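Next come two complexes, and both contain subunit A; in the first it sits with subunit B, in the second with subunit C.
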Partner chain A sequence: MSELRRKTNPERRAEWWTTLPSAGWLLIFFAIPTLLIVVMSFKPAGPYGGFGEGWSLKAWVDMGNPSYPTVLWRTIRLSLAATLICIALGLPVGFLLGRSDAKTRSILLLLVVVPFWTNFLIRVYAWKVLLHPSGFFRETLVSFGVIGENTLLLYNEWAVLLVMVYAYVPFAILPIYASAEKFDFALLDAARDLGASSIRAFWLVFVPGVSRGVMAAVVMVLIPALGSYIIPELVGGPTGEMIGNKIAQRVFIDRNWPHAAALATVLMIVTLLPVLFAFAQEKRESIAVGKKGGDASS
Partner chain B sequence: MSSLRARHPIAVFATAVALLFLYFPILVLVLNSFNASRYGASWEGWSMRWYQLLFSNHSRDIWQSLRLSLVIGVVASVVSMVFGTIAAWALNRYRTRLQQAHFGLIYLPIVAPDILMGISLAIFFVTLNVERNLWAITVAHITFCISYVALAVLARLQDFDGLVVDAARDLGANRWQTIVRVVVPLLAPGILAGGLLAFTLSIDDFVITFFVKGVGFDTLPLKIYSMTKHTKEMPVINALSTLLLTFTFASVWWIQRLTRTRSAT
Partner chain C sequence: MSEFLVFDGVTKRFGDFVAVREASFAIEKGEIFALLGPSGCGKTTLLRMLAGFIEPDEGRILIEGEDITKLPPERRPVNTVFQSYALFPHLTIRDNIGFGLKMAKRPKSEIDSEVDRMLDLVDLTEHGDKKPDRISGGQKQRVAIARALVNKPRVLLLDEPLAALDLKLRQRLLVELDDIHDEVGITFLYVTHDQTEAMAISDRIAVMQRGTLEQIGTPAEIYEAPVNSFVAAFIGDTNFLRGKVVTATDEEYSQAEIEGVGEIRLFNDRPLKPGEEIALSLRPEKIRIESHAPPTDPGLNAIEGIVEDVIYLGSMTRYWVRVGDQRIAAERQHSRYLLDEKLPSWKDRVWLSWRADDGCVLSDFAVEDTELLSIPPDEEG
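Up next, the complex of A and B:
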């Protein structure tokens, strides 16, 4: 506090004036609404949608609905699987990006980023067309006898997983590449000289070397995956539903807003866990680096 | 590239698979937009009929929703460019507790899942009994755009030499002149990159708009979504997507060229 008071007044005022617009806006339209989700989950439902008067635990009692644990577990399971696959793909691609020369690298980066620039809905929809019962993909697989005449590619968990990996893999590639760019590839040559096979060197030297990027990739993929809505909505069907679909159903079908708020609170808690984990990891890492006396710049 | 292939066959193979995976559905979609068949299961010959349908009266509301998306995108990106730039300035200049909290407020909207942001704003507007109209959508878009602009400008500020501000003041420029003539031009690439990102995010957003909007006000992604619900409309979406893709590729190429010539001079 004393340090703040010692600062000259105009400087302090300038800080407030430059902080206020964005901080004020995000406080009103982001922080308060987010906390409001939790508060409003303790309201009764209004007779015509919206929220009723007084307080009620009904929405939370309804969370005991036996379909919810199944959906929540599916959400977590599919998101973790998608994250793992995205990172497994992101590691070799990030490695190659880090190793290639400037020209190849800029072309490859552009190729990874361009699908980002096309409408997300359209990209998901493209898979729906591909996997459609009368679509190209299934017909081809059936005609080659890979799958049976009656196998459906669409509207199941596998379709959701496939499209999640498709949609989120750039989120894994980019942070791993950002780490790989700073990685000292001479270390790999050293490991090879000392007798490690290239795969061993990749696992024991490169992967730990880009662990920061991998952590960032986990957060960047896992969190949007947990909050997926469009993907299971378009390709999931009833057996591929995730928690996002349940939230939307409560809002748009039953118009039971407190129920939707309670579900959103559950989702919020589930998504906060990886963020806290990443923060803790980051802190532990920076402490470890600090102890070693190396530079702690990030 | 060839030496890379020789030295890292597995990594090159994995990258090729990843890229094929990323582009395959898009390629099939483009091909199907020229396919006479409605379901794209088989090739029934080249046809421009879906494009004709797209430009006929039948698809008038698609173009209307595109216009709505563009208006919201422009307003949201301009407002967030102003707010985000000021925020980045404060974050870069001051090292206080206040700025730590400020950074948290800027960072969290980026990691928060869209659906949480959408439902939270919807609950907020419903609780306050605010009409969920065009303004509500624009407010929501500004909210998720500010953070991206702030981080883009912050990256640019990291190479910014604070001494030029002092120099301008020493040479007699007042505070306003310093901002307009010195600071903003130096930060312009960061501000523009952030604004462009904000614009594309706004144009692309489905989930947040879906929750926030009331009846009516279909932006382009919402219109596309309602079209995906009707199998009959599939080929028209393919045609529209192909046009949007062409537009995206052309603008990426153009921006690349622009930045390349600038760095060459």
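Up next, the complex of A and C:
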């Protein structure tokens, strides 16, 4: 087992040098700024913005603000809902992409990616126009009697959820597609052959088959969703506010940086939980496989 | 003939391409029936139509009189062993085998005991809790068979089941497959491009080419009495002798003039008329190759030629002998190689002889089928 032998010193040194650039990059642009945010949250606020002298726990005590649990819960709830819907949409689309021939596939992929050619802010603004009380969507729905005269589409949680799904669904489709492309579609034939309906075959064989893609999609949708700021800012109104908006308000309106830093830390902890969970899951799987290895003989 | 499984005028087109053309044949209960042909001949399309993955454009498929043409795959009384096995990678071997029973909502205790029985049948009991990526190719193949058989299908469809395995393993599994067939007594439809496999395992073979069934028969019928040059050349190896009937000697034999070879005697596999153009298929192993002229015998054709190529193959030697403008392949078995008399070698003058009954007059001859032979006739002549 040559892979398992101890690495020699020159090998170690080579590894160290090749890892250095990316490690350095992460350290300078990720680890240190993150640490700074955490440190800032333990400073007192300066009277005109910035920081005061010494250390203070005031920002953390202020986390007890009665409006925060509501906003935090809404952030988590909306992000989870958006993730779930994005996955639900991403699975059939990924399936379709994986199954189609090269030409159809490239057209469909283009359709998925095309929105990225327009600025994100402009696309969210476009939704604001569509959902506006005198906008196209509401007018049409009202004229068909689908919604009442007094129903507003804009400035509520639903508007935030809708636009989040719109904005993040490509991030669910692409990793699921990447898995589906490697998926052996003969497995679905096998499932049908063994008596599974097409829907059962999809759930029992396709979904487990692209589980890695789904995990990646969860991480890629949930994390930006939790940190959403522009979407609730533009279409959420006061009842659609998320943590991101609160952080922005503390920075731009109150000029209370330590408070904003504490909020950002809270958000970071909430964000890290699913990632840590995903890593733990991965590790458990690889250990299970490792244990069973080495007896594929005969 | 008990018509257990019937293909009735089945046609399938993909755009302008006719994958299967008016296939009509019946498979008997309990037999191993092989669909044999080169890739793209339509054999897999036929199998997938029976499994329910492709709907025929015309015709019907019946099992025991019941029309299953329109049924979705999950409601057909057939199961498939897929070419690449298609084992579910996220399930253990046990769960793979039990999948069909679970879909049929059978009680868990029953599933467990059936799966145990199947694991025992394919000799994989100690591997039940492994995932498919932890077992070898041959074992995967057996799991695929067990997973299909556990559902007690009325027909087991095998789509090139041994294609992914190496030669020795293929030979061993072929015997195992035959044993399993004897044990379970289920009808097998076996799709393959490998004539050795088809000959070894089948009760009957249907030879296909370009969507058409060329001939159906037992392995011996197909080998000894091919109807046309495609079947003759695709199954085993052969020589094609072309010529003209000179005289229809009697009920059983005729004389024919073969281009560049001379006059030979042939058996009337079908009624022949003087002047008729014919093509004769003559298997290399039917031809005796000797250094001296054989004793005269009215039933024996003998021609003289010069050895152009010799290939020693262990169990036999293969010769290519120039006779006029023909190159004729002949084989010589080596039951006693070291004690045999001196064997003919390169540039030697030899006599080829065969019994008139051993050739087969084809009903149909296409020049391009000569390309299927092991060494094509050379151009210079």
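Everything below uses one rule, namely that the second predicted complex is superposed on the first by the 260 of 298 C-alpha atoms of A that agree within 3 Å, B and C clash if a C-alpha of one lies under 4 Å from a C-alpha of the other, contacts with A are read in each partner's own complex, and residues count from 1 in each chain.
Note that a contact is a pair of C-beta atoms (placed from the backbone, for glycine too) under 8 Å apart; a residue touches a chain by one contact, two chains touch by 3 or more.
Nothing here was measured: the structure is a model prediction, and the numbers come from that model.
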Worksheet item: What is the contact status of A:L187 with respect to subunit B (first) and subunit C (second): first, second, both, or neither?
Response: second
Worksheet item: Looking at the overlay, does A:S197 come into contact with subunit B only (first), subunit C only (second), both, or neither?
Response: second
Item to complete: Give one of first, second, both or neither to describe whether A:F51 is in contact with subunit B, with subunit C, with both, or with none.
Response: first
Worksheet item: Does subunit C touch more residues of subunit A than subunit B does, or is it the other way round?
Response: B
Discussion item. A:G209 in the overlay: touching subunit B, subunit C, both, or neither? Say first, second, both or neither.
Written reply: second
Worksheet item: Of the two partner chains, subunit B (first) and subunit C (second), which one does A:L26 touch, if any: first, second, both, or neither?
Response: first
Item to complete: State which residues of subunit A lie in both footprints, the one left by subunit B and the one left by subunit C.
Response: none
Worksheet item: Mind pulling up the subunit A residues that touch subunit B in the complex?
Response: 4, 15, 18-19, 21-23, 25-27, 29-34, 36-37, 40, 50-51, 89, 92-93, 95-96, 99-100, 104, 108, 110-112, 114-115, 117-123, 125-130, 132, 134-136, 139, 166, 169-170, 173, 199, 219, 223-224, 226-227, 229-230, 234, 244, 247-248, 251, 257, 260-261, 264, 267-268, 271, 275
Worksheet entry | subunit B residues touching subunit A - in the complex, by the definition given at the top | 1, 4, 8, 10-12, 14-15, 17-19, 21-26, 28-29, 32, 39-42, 82-84, 86-87, 89-90, 93-94, 96, 98-99, 101-102, 105-106, 108-109, 111-117, 119-124, 126-127, 139-140, 142-143, 146-147, 150, 200, 203-204, 206-207, 210-211, 220-221, 224-225, 228, 234, 237-238, 241, 244-245, 248-249, 252, 256
Fill in: Touching residues (chain side subunit C, partner subunit A) in the complex
51-53, 72-75, 78-80, 82-84, 86-90, 99-100, 103-104, 130-131, 133-136, 138-139, 147-148, 151
Fill in: Residue numbers on subunit A that touch subunit C, as the complex places them
184, 186-187, 189-198, 200, 205, 208-209, 211, 292-293, 295-298
